[in-house]
Each structure stands twice: as structure tokens, then as C-alpha cells.
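To keep things simple, chains are lettered A, B, C, D, E, F, G, H, I, J, K and L as they appear, and every chain counts its residues starting from 1.
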Amino acid sequence: MRVLVVHGPNLNMLGQREPDTYGAQTLEQIDEMITEAAEKLGIEVNIIQSNHEGELIEAIQQALAWADAIVINPAGYTHTSVAIRDALAAVGLPAIEVHLTNVHAREQFRRRSLTAPVCRGQISGFGGVGYVLALHAARKIVEEESS
Amino acid sequence: MRVLVVHGPNLNMLGQREPDTYGAQTLEQIDEMITEAAEKLGIEVNIIQSNHEGELIEAIQQALAWADAIVINPAGYTHTSVAIRDALAAVGLPAIEVHLTNVHAREQFRRRSLTAPVCRGQISGFGGVGYVLALHAARKIVEEESS
Amino acid sequence: MRVLVVHGPNLNMLGQREPDTYGAQTLEQIDEMITEAAEKLGIEVNIIQSNHEGELIEAIQQALAWADAIVINPAGYTHTSVAIRDALAAVGLPAIEVHLTNVHAREQFRRRSLTAPVCRGQISGFGGVGYVLALHAARKIVEEESS
Amino acid sequence: MRVLVVHGPNLNMLGQREPDTYGAQTLEQIDEMITEAAEKLGIEVNIIQSNHEGELIEAIQQALAWADAIVINPAGYTHTSVAIRDALAAVGLPAIEVHLTNVHAREQFRRRSLTAPVCRGQISGFGGVGYVLALHAARKIVEEESS
Amino acid sequence: MRVLVVHGPNLNMLGQREPDTYGAQTLEQIDEMITEAAEKLGIEVNIIQSNHEGELIEAIQQALAWADAIVINPAGYTHTSVAIRDALAAVGLPAIEVHLTNVHAREQFRRRSLTAPVCRGQISGFGGVGYVLALHAARKIVEEESS
Amino acid sequence: MRVLVVHGPNLNMLGQREPDTYGAQTLEQIDEMITEAAEKLGIEVNIIQSNHEGELIEAIQQALAWADAIVINPAGYTHTSVAIRDALAAVGLPAIEVHLTNVHAREQFRRRSLTAPVCRGQISGFGGVGYVLALHAARKIVEEESS
Amino acid sequence: MRVLVVHGPNLNMLGQREPDTYGAQTLEQIDEMITEAAEKLGIEVNIIQSNHEGELIEAIQQALAWADAIVINPAGYTHTSVAIRDALAAVGLPAIEVHLTNVHAREQFRRRSLTAPVCRGQISGFGGVGYVLALHAARKIVEEESS
Amino acid sequence: MRVLVVHGPNLNMLGQREPDTYGAQTLEQIDEMITEAAEKLGIEVNIIQSNHEGELIEAIQQALAWADAIVINPAGYTHTSVAIRDALAAVGLPAIEVHLTNVHAREQFRRRSLTAPVCRGQISGFGGVGYVLALHAARKIVEEESS
Amino acid sequence: MRVLVVHGPNLNMLGQREPDTYGAQTLEQIDEMITEAAEKLGIEVNIIQSNHEGELIEAIQQALAWADAIVINPAGYTHTSVAIRDALAAVGLPAIEVHLTNVHAREQFRRRSLTAPVCRGQISGFGGVGYVLALHAARKIVEEESS
Amino acid sequence: MRVLVVHGPNLNMLGQREPDTYGAQTLEQIDEMITEAAEKLGIEVNIIQSNHEGELIEAIQQALAWADAIVINPAGYTHTSVAIRDALAAVGLPAIEVHLTNVHAREQFRRRSLTAPVCRGQISGFGGVGYVLALHAARKIVEEESS
Amino acid sequence: MRVLVVHGPNLNMLGQREPDTYGAQTLEQIDEMITEAAEKLGIEVNIIQSNHEGELIEAIQQALAWADAIVINPAGYTHTSVAIRDALAAVGLPAIEVHLTNVHAREQFRRRSLTAPVCRGQISGFGGVGYVLALHAARKIVEEESS
Amino acid sequence: MRVLVVHGPNLNMLGQREPDTYGAQTLEQIDEMITEAAEKLGIEVNIIQSNHEGELIEAIQQALAWADAIVINPAGYTHTSVAIRDALAAVGLPAIEVHLTNVHAREQFRRRSLTAPVCRGQISGFGGVGYVLALHAARKIVEEESS
């Protein structure tokens, strides 16, 4: 089983970026956590980060040829990108949206996700752990659908 | 570590209730899954279900004396109950909101959660598995905060 | 054929309650009217009234085992209860929403019914007679669908 | 007792028109049903259909000289016609709004009725039977008010 | 100088129609008042009334060949007719909107006039007198623009 | 018969002020026009202008002791002053709102009048002539109500 | 003179509940304060607290047989309960709404009270003292109306 | 292949009507263009124009017996007519909405089309040429669907 | 302890002003009531009334040098004045907003208070008595904060 | 005559992408169709596709030096990109917006086009054929404006 | 070159007024800074402060006879005063709006400026320095327009 | 002191781009003006322009290692980019938003800035001069905060 993990804009700043909001973990540390958990779950992961909407779209498009599922944190693009939503719908793979923070407890505009309606589910508020939970969920979904 | 698991209205109908939307699992089966996972995680769980807003409020209030965290699926009350929100804020325990379905992909009114802003995070769209993920998250949060 | 008739909150106050708005008939008188009409139509009715959202939900859930249709006046909960809506959707029986007054001619917030979209139809503005019309409609629906 | 029955635009297409939404009954069949029921209730009915807002307005105006009540399905004009609303208010006869479908379960714009607030009540979702129920309601109202 | 006076839907019911709102004057009486005032002002008037949006549009279109100005009470169509607005803009004659009642003091939906923005001005709240005031205003406008 | 004429803020700038929008007439010229028309109508007028909301309120309050009606152009305060609205309601004299320009054809915020609902009517779009029309209307109203 | 004092959901948590927002006083202490003040004012009080919307409705209904006025803090139900509003309107006793905190300075959704429009007045922001002020107001209202 | 071409209100005024907005072409010239293009495409066309909503509805209804497709410019009714929308849905023929001007670049209310959602597509902004493009599109659709 | 009592616009009209809404008491009578109550409470009061927003702002500003608290009824300015809100925030004294009527039961625009969020609390609906209750509340607040 | 054809994000996925919504044609096939049609029309075309908002902006900017018109399907960016709108306005070339699907019949957020108001017109709902129609329209516009 | 500098309500409280929001500088200190900068720029300044909307309007009106430009901080009136907006438009001098704080980062209602659309530009968030920047900008504008 | 100056999309088109709106200055000329002013102020500047949201984000991120402040004109991304907002918040440097035009006087959607709330202030409407003013403001802020 193969999962593409997609980090959106500014996640490369983790650790440095508003630590009161986003925590002290760096993206590197989160990626290690993801890799480790993936290994335990027998999942091969490919992790990318980009600040470019177009690159995120293309990473999603290319997943079609390789991945069984997508775990994605579209970060700031969550609330503004119809194009990423369309990419997720276009590939049709089961996708899971992750947010480090509890988006429901922040600014009003962070409550609207354009991408969540084309995902299978959303996990928000648990920092880096959210990605690990998403891998569990992804495995469950893929197993059920291939059985 | 002790966690109160709260099922809101109509969840006692699972299996019978709109299976295309909510899946074929009964609440009993979900509760078994929760209990089993809790055991593995070394968590003592107490599970309640009620269709009464007032009973849900009181279960939350009583958690103050016993639980370290709350996992709650407020179901239909998610979108309408300031009183349950206030109860969660009143006890101040870390709480995690769970939804069986992807609420972001359904009717417009299901997108607004009155309770999520006073929870630590939200997990939606993974059926009964969502509760298990929530237990993992709860353990993480309690461990971090007690360390 | 069996029909559950559900009266929502404050309907036990009829006769005493704002008679200019709701008329002088008591709930008892309406229930007699219902019973009489049901008899003529060859319908067995079970009538309940509750001021508790949770009890209304449970009455609806229990109808699954007994009734062929539901006639419901959710009163004040019409405009605020996702949980009753979900209960009606969960049991999946044909349901008919009744209002004593013409809700379309009153306060703006009474114009939105959360429950009507999961009912077969709505009858409003005819006082107690509305329930009798609803019984007629219910019989028609059940007959058609069982034929 | 005399009742004007008014069918709005496109109701002449019934049977042919989106049968999944509006049913297989033709307007002729509904009119027969109405006539038959009226006879049983001792009501003289006059039935008109028009696709022209102006003709509907004038039919309502002329009812003043003849009818004791109006049963009206303004169809598409329900949601857009202040002029028909004003006509109903101008004649001041008890009026009952009928819809074949459950307008509360369709597009958002069908939920607003400009005409319902000047009617005595509304019956929606029961196909042609709705007109028969409306005749019953009309008789009740006229009887009560003339007593 | 020639002025077309246009009465919209239901104005033919004046006197009979909600006299508490619209006054006891009949349309005939108002038309006499208009004719008399027009004579004094040296204005030739043509008065029409119609309940049909299409007829109102065509009356406005035909004014192009005859009138110097239009005085129009679009009644219920004021709030709903883009087509009448477009007709007024198409002929380009100075137009004055009249309302018998103070539309600003009634239902919310009567506050929006689709036609007023393409008229020169609006007079509301003075019953039949409003038409006479409009004739004065029309004469003033035509005089100024032809000088 | 006595009428208070009230000019709101910036009307003292007429002639100089955006002549494309407000015309070339000065307030002085308008006041002469008003005085002359009042004389013909047998109306004693008192004309005031102020840029101060408080002074406008007090002029309205003092009208109670002297005037039979008020003609008021609240200018910019039309859209923002609950206090002037309350003053007009407090004195209870028949009031007529006048606007030089067609407020319905300008910025969206000029379409809402807080004061019009407590006036008898509104005249807009006819420049200084609007005041003269308002005097006619005022005389009509006072005559009718004192007869 | 007799007054029913009604405490809504979560008020039983006072002292423990978000003390920065709600203060350190327990409900017991507030109730003592109320009892003492009532005694001084010659008012017999009956105090109830419930987390159940249905119980609150029924307490209000039963007040009809006993009380001269109602002092109610509907807490979280203030913003969501049409049913409690209807109960207050049904009994028709003078009612006074109390809030411990200044609801106007908190979340947007706390600014809308469904119950206040059917009460005589509202007192918010003064902690437990608000109930005492409400008793004073209630006595004044009852005295005036019975004189 | 047969296509009904429907021109809505005020299109008979083309050439005379706001030429800066709608161009200098008359409806006659446009109709010639349509006829010529249709001939080339081997399409038999029937062209009607009406200012009456009811006539437009009936033209659409009658197309059912004759046409393979409808090309319609509902003009002012685009934004206000649920009844024309319902007529288009009732006949179920492929329909194409045409606008002479770019409705997306004009007043806000022209941006909402009630009819477009029941058409196959929309062409706006190209003057009379839009009808010719619509004929091309119509032929394509009919060919594809009959193949 | 010293309290500034501020009466906003049109309160000088009390007794004369819409007595059905505002009661028969004059401002003088209310001021006597306030003075008397203040004396009993050992509070020195300074009472001002103004119809001028600017004077109200300056009275509030000057309170900084003299008063321990402010009791203010901003009347019509409640709903429109950011400047009075800013003045209250600028002086930072505990302020209590009073309304004679139950603003929650009147026009929609009276439900929004711009000033309440910077006050400690609000009392509305009890006529002149509201000021006396506010003095009690003010004393309580000042005592608590100075202890 | 030279036309730049711009395909926005995810259009490179055509054929694979939600074929029920977008059809089975690949972008390659559409481009062939465009090239062929262009040839017949004597138009030189340059076709680009990009998933990057910035690249689309730059393609538009560079068109200034080469093209006579732009045909653009901004896809997901239609609804979210002020920057592409600004690029279109900056170059000032006649532009035509194309959508494969009928955007008016899909999600609410697809109904708002930020780019359409700075284009000459919009063609939506005809799949790949829309581009061909757009070329026809472009030629017409360029011819007219250069004549 | 001459510039009128206008300070709106509560700016006389600077230094004392919410120093965390508005800074510790007094208005006197800001005025010195302005005077000094003006001198360096060869600008003659006239500085006024008022809490009265009417006085601000009149200061703006009088600027017509003296000033080449206006620098204005309308403070609380920014968000509520159509009358000040109209005054600025009436005099037609280039005007620059200044705010001490970043109004875009505060309450929602501070984001709407009624006056900014009739100014040349807006400077916000730089405390007293904003006025100095505004003088620079004013000089630039006046120079350019007089050249 | 070092300042990063960031120009957003389409600013490379200045001079060519809608000169009536944006002026005749090219970006090169503005950059010279900036460089010159920076030199006088003893500020080292680094100026970048990009049409790519992702590049703008990365320029902002890299500023963390070099700059003391950011001056940014996000152009079209101002109104749509949560990701740029997040980048500005992530680096936490004092930032100043600049707009060439007065955004408050243009289309409604240009009035909302997603980035301004995380900047220190905003300068709009002064063409290229705005950047120079921003440099002054930046120096002031950096000086104050480092003192």
C-alpha cells in the first residue's frame, strides 16, 4: 500500500512559525514520525512539501500513477483553492485532510474548507500526530475498498 | 488514564439508520471496537449514549470527577447546542469531537459545529474507526500535558 | 394501518396558550378529533405529547417497530432540531409535518423547518383539522406504496 | 359553498412534466378528483389553469363576486409574484396554498413563498390529493367563519 | 406635452382592496383627479391599467412614439420585474415612479424597487395625490430638458 | 397651516457641491422657491438648515409647539440616524421626506432610509421642486386629517 | 407575591465553570442571595435548575398555577430554544431574562436571544446580583399591573 | 433537425434600445442572421418573440411537439422567472441560453440566472452572433445524443 | 462614590413621546427617582441629557475626572455610534447601559448595540426603574473592584 | 489574426478526470479540434496549459506582444483569482471565457466568475466545442473592431 | 500650499485613551510633530479637533476657501458618517484619511470606511507618524495636479 | 537596516497596464524611486517582483534571515491569499502593505484584505510614492522596537 503525503504552504516553516499556534515540532520531525508510523503500518510513503499551488496540484495528479491514497494538509490553500479541490476530485483517490491546529477554533475564514468535501474525512487539531492518525484511517479505507 | 466516550442522539440506531450514509456497523460493534482499542492503549473507558441534550450535558459535567479526557460525537446536537458547548467549556477537560460521516461533504448546516471550537480537535468521516483514532489522540494530549 | 401521532413542546398548553394565535381547542379535544377520524379511516393511532426533545426522538425511533407512518407537529423544535430531523430520517417511515398555525405568516425564524425536508409533506394553518388531513394523506401514501 | 381552484404555470404539463418529481397524474385526472371530492363535500367548484401571471391575478379578483374561498397552486409564481400575493390580499377571501411536491425538500429558492403569508394555510407534498385536503380545510374555515 | 400614466396590477381593485392600507378612493376617482390636474397643467394624458406584466411592457414601449414622459405605478411588479425596468430603460423617456402607500414603511421586500433606478424620481405615500405631484414633476423635467 | 422645513447636512453647500449630482441651484434659491410656493398655498413656513444631528433633532422636537407638518431632507443622516427617526416618531406630526437626487439610483447605502418608515411619504429625484411637491402633499394630509 | 426563578443548563457548575468568565460564586451562594433578597422584598420564591430543555419548559408551564412572575436565565438555551420562548409566551406571565455575563461582549452567537422578545426585559453582566435586580423589577411590574 | 428560437421581453426594441449596451442591430437583422445560419446548418428554425412571460412559457411547452432543441434569450425574465425555468425543465429538450451582452459585467442582479441551471449551456456577450453559436452548439448536442 | 448618569437623544421628550412605547413618566420624574435612589445608596449623581452625539462624548470624557462609574442610556445612538463606544472605552470607567424599553422586542436594528460590548452590563425594558437598578449594580461593581 | 488559447489547472487531466462531469475527450483531442477549426478560420493559434496561476498570468501578459485575442478557460482559478482577472484587464485584449461544463448548474461557488467581468463574453456547457465557438466569436470581435 | 488637518472624536483623549491600542503620545505631541513636518515641507497647516460630527462637517466645508488639501482622521465617524463623506465630496479637495491604528486588524465594523472612497488614499497603523506621511502624500498630489 | 520590498502579480505591467487606474509610471521607475529614497534613509533594500503566489511566499520566508522589515504590495493576491498571510505571520517581521490605487474606492472585493490584519499598517492610493512612505514608516517602527 502506497500513500502520498502532501504538505502545503508555510509548513516548511514549522518550528519557527508562530510556535504558540503551530507547536515547536519542525517539519523534519513530523516527517520522521510519519515515516516511522508508515513503516509499522506497512505503508510506503512519499512526502512532498510545496508553497506553490501549481506544484501541489501536479503532485496530486501524479499520485494517480503511484498511490493508493493521499494524506494532505493544504494549509492556507484549504480555504481558497478550487483548483486543488478539482485536482483531488480528478484523481479520485481516497484523500484525507489534516490540519495541525483546530481550524474550527480560529478565524472565521479558516472554518470553510474547499477541499474537505472531496476528501473522505478530516482530522484537525492534533499537531503532527494528525498525520499518523490519517495513515491509520487511510489503511482502513484502502483495505475495506479492496476487499 | 480514563476517557469518557459520549454518543449523541440517534447513534443507538446505527446499522438500521440510513446505512448508505452511516454504514452497516451497529453501535454495539463500535463500542466493542472502542473497548478493545482502549484496552490496548491502557485506557479505561466509560461509554454512554443518550438522545437527551440534558443527559449529555450531565454526563459531561460528571466527567470532571472521573475522566482525563472526553471523546464525543454530539451528532445532531453538534450544530445546534450552545448548552453542550458550554458544558464542555465548563469542565475544561481535553475533548475530541468525532463524526462518523464527513460532515464537510453534507448539508450546509452540518458544516457549522458549535462544539468543535471548545474541543482540541475534530475527526470526521471514518465511521467507527474515528473513535479509535480519537483515543490515540486523547492519550497523546493527556501524556503531553501531564509531562 | 398504524400511525404514530407526535405532539411537540407546549402543545399540552393548547386552549390556555395564546388563544388568539393557537385557537381555543385543547389538546384533549384535538386528540378526540384525531381518534375519531382515525377510526373512520381504519387507522390505529398512538398519540404522544412531550416537551422533551429526547423523548420525541425516542418515540420516533420506537415507531419503527410498530407504525406505518408518522404524523408530527414538532412545534418549537421544528426550527431548531437537527436531532429530530435525523431521527425521522433514521426510521425512514413516511412522515407528515403538521402545524396548527400558518408558520409562513409569522416570525421569520418560523419559516425555516429543519424537519420538513425529511418528511413527505407539510400541512400548516388549519388548527386541529390539520392532523385529520394528515391522516388522510398518510393513508393515501401507505396505500400507494404498499400496492 | 363555492370554491375557486387555481392552477398556476406548467401544471397543464402534468403527466408529461418531470414525472419523477411531479408524478404521473395528468391535470385532467386531478381535476376529476377535485370535482368528485367537491361534490361529496357539497362544494361548487370552478377550476382554472393559466400560465399567465396576469390571468391568475384576474381570476383571483373575479372570485370576489362568486367564491367563498380559493384553493391555489401558484406553481413557479409562488416564489416570485408579489402581484399575485397582492391580489389574494385584495380580495380577502380565505385562500389555501397547495403544492404537489414537498417544496421544503427542493431547491433553496422554492422554500420562500410570497403568497403563503396571505393565505390561511399551506398543504404541500401530497400530489393531487393536496387539492382534496384543501377543499376539506376550506369547508371547515368557511363554516366556522359563517357560524 | 403628453404623459402616459401606467397603473400596474391590482390597482383596478382600489376602493375594494385593503382600504386600511390603500384608502377608499377607486381607480376611477384617481383617474378623474389625474385628468383634471393634467388639464390644468396643459398636459395630454393617456391612462392605462393592466394586471399583465407583458401589457405594461408594451404600453411603455409604445409610449416612445407618443409621450414626453411616463408616470408609472408598477405596484407588485416594482419589486420583481427586471423586464419592466428594461422597458423603461429601453424607451429612455423621463419616468416617475408613484406608490399610493409609503413602501418604506411596509414589508421588507417592498423596500427594493427594481424600477426606481431607471426612473428620474419616486413619490410614495400620498395616495392618489401622488400622481398629481408626479405630473407637476414631469412637466418641470420636460420643460427643463427641452429648454 | 404651518410647516417646518428642515434641511440636513451639506445642503448649505448646494450650487457649489457636486453640481452634476445635485444641480446648480443654491439653497437660497430653493428656499425662495419654497417660500413663494408656501405663500400661494396659504402655508406659513419656517426653514432651517443644520449640519448638526443634535440641532436637527431639536428643531424637530420644537416643531411640536408650532407646526402642523414637517418637510425634511435629512441628507446624509437619512441613512444613519436612528436618533432623527426617533425624534420624528416622538413628535408624531405628519412628516414628508424629500431628497434632491434619486437616492434609488445611487450607492447601495443610500437606498436604506431609517427615517422614511416614520414619515408619511417620500419624494426623491426632483431637485428643489421636491420641496414644493412636499408642501402640496403636506397641505392635503393636514386638511384630510383635520376634516 | 410569588416568583419562579429558573436557572438553565450548566449553571449548576458555577464556581467550577470558567471562573474568569462566570465568577467564583457557586449557584448555592447565588440562591442564598436570591432567597435573602426575596425575603426583604416580601416575595415568595421557588428556585429550580435544570440542564434539560424539556424540564425548563415544564417548570415554566407549571408556574402558571402558582407564580406572579418569572425570573429566568436560560443560559445556553437562550440562543437556540424556540420551545422555551413558546413556553414563556404560552404562560403569559411577566418574565425577566437574566445573564451572569455581558452577553453583548462575547461570541456573536450569544448576541441573539430567542427568549428576550417574549420577556419584559433583560439584565445582563452583573453576576449573581442580576437576579436580585430582576426581583426588584418583577415586583415593580406586578405592582403596577395589579394596581 | 428543428430548433425553436425564443426572444424574451424588450428584444423587439433592439436597435432603438440603449444601443451603447445592446448594439445597433435590430431584431429583424438578427433573425435574418439566424435564418441564414440555420439554413447552412440544415436546421429548420421557428423564431418567436414575446414580452409576456405566459406566452414564452407556452411557446416552450409547444416546442415539445415539434423541436429537437431550444435556443432562448429570456432577457429580463432570466433573473426572475421560476415559471420559465419550470417550463424548460418540463419539456426536457436540450436548451441553450443566449444573452446579447456580457451579463457577468453588468448589475449584480443580472449575474443570477434562474434558467441557466436547467439549460445545457450559456453563451453571453457576443450580440446577435451568440444565437448563431448557439445553433452550432445545439446541432452538436442533438447529433451526439441521437447517435 | 460618584456616578454620571447620561440620557441620550429624545429622552427629554419623555411623557410626550410615544407613551404607548416609552410610558407616561417625564424625564424630570425619572431624574427625581434617580436622585432619591442615589441618596439612599450614598451615591452622588450628576445627570445630563443631550441630543448631541458630541456633547454625550464630552460628558463621558469629563467623567474621567470626577466619576467612579457611568450609567448611560444612549437611546438612538446605541445602534449607530462608534464614537460614543470609543469614548466609553477611552475613559475606561465601569459603565452600565440602560434602555427604557425592551430593545430585544422591537425593530431588528434596535437589537444591535455598539456600546454594550464596552459596558459592564445592560438593563433594558423596565422604564425609569432601570436607572435605579443600574445604580445598585454600579455600587456593587465599584465596591468589589475597590476592595 | 492570432489567438492565444489558455487552459487552466487540471485540464491536462481531461479524459481521466470525472468523465461523467467533464466528458471523455482528452485535452489533446480538444487541442486538435481547436487547431483544425482555427485553420479553417484563418486564425493562427498558440495553445498553452498550466496548473500554475503565475504561469497563466505570464502567458496572458506575453499575449500582448503577439495575440489579437485570448480564449481562456481558467478552470478552478475562475472563481478565486483576482490576479488572473487583473492580468486580463492589464493586457486589454478581447478575451473570451470558456467552460467545458455548465457552471451555472453546479456548486454555488462555481457560479461566481472573477474573470468574466473583464472578458467580452462567456461560453459554458458545450465541452470542447466551446473553444471552437469562442474562436468564431473572437474572429467576429477582432474583425469588427479593426474595421 | 495649505493643508487642513482634522482630528475626529476622542482623539483629544490620546495618551489617556487605551494606550495599548492607541499609544502613549498625546494629541499635543502629535500636533507638534505635524507642525514641524509641515514647516519642513513648506506647508501651512491648520489643525482642528472636534467630537461633534457637525463641527467636522463645517471645518471641511470651510476648507474650500482656504486649503489645498485635507488630512483627516474621522476616528469613530469613519464607519458611520455619510454626512462627513458627503462634506468631503462636496468640497472636492484632495483628502487623505489617516488612522492611528491598523483598522484592518481590529473589530469587523472598523473595516468599513464610509469616507475612504471619497478620499485619495488611506494611511493606517503608524500612530502619529501617519499624519506626517499624509502631508508628504498631500504635497505630492497637489504638486502633480497643479503642474 | 534592511527592508525587503515585494511586488505582487501584474505590477511588472505598470505603465502599460490600465494607465487610467494605475498611472503611467513603470515598475522600473518606481524601483528607482524606492532605491533612491532607501539610500537617503540609510536603508538597504532588496526588491523582488513575482506573479507566482508560491514565489512571493518564499521571498517572505527568506526575509527572515536577512530583513528587518517587509514592504509588500500583494496586488491581486491581497484579496485571495491566506497562504501569503500565513507567510507574513510566520516570519513575524514588521510588514507594511502598499497599494498603488485607493482600494477602498474600487470594486467591493478589493475592500477585503486578507494580508492587512497581519501587517502593521496599510498605505493605499498614492501610486509609487506609497512605497517611499512605507520605507519611512518601516524605519520608524524598527527604530522604536529596537530602542
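General remarks:
Please note the rule applied: a contact is a pair of C-beta atoms (placed from the backbone, for glycine too) under 8 Å apart; a residue touches a chain by one contact, two chains touch by 3 or more.
Since the model is a prediction, treat every value here as computed from it, not as a measurement.
The chains touching chain B as well as chain K do not exist; no chain touches both. Listed here as common contacts of chain A and chain I: no chain. The fewest steps needed to get from chain D to chain H, moving only between touching chains, is 1. A repeat of the D-H interface exists among C-D, G-I or B-C; more than half of the contact pairs are identical by residue number at B-C.
Here the CA centre of chain G is 54 Å from the CA centre of chain L. The mean-CA centres of chain H and chain L are about 48 angstrom from one another, to the nearest whole unit.
Mean C-alpha positions place chain F and chain G at a centre distance of 46 Å. Of all residues in chain H, those touching 2 or more other chains are 52-55, 80, listed in ascending order. Every pair of chains meeting the touch criterion is listed here: A-B, A-J, A-L, B-C, B-G, C-D, C-G, D-E, D-H, E-F, E-H, F-I, F-K, G-I, H-J, I-K, J-L, K-L.
Contact residues of chain C toward chain B in the complex are 52-55, 57-58, 61, 64, 80-87, 89-92, 114. Of all residues in chain G, only 96, 102, 104-105, 111-113, 116-126, 129-130, 132-133, 136-137, 140-141 touch chain I in the complex they form. Those residues of chain J lying in contact with chain A across their complex are 8-10, 12-13, 16-18, 50-55, 75-80, 109-110.
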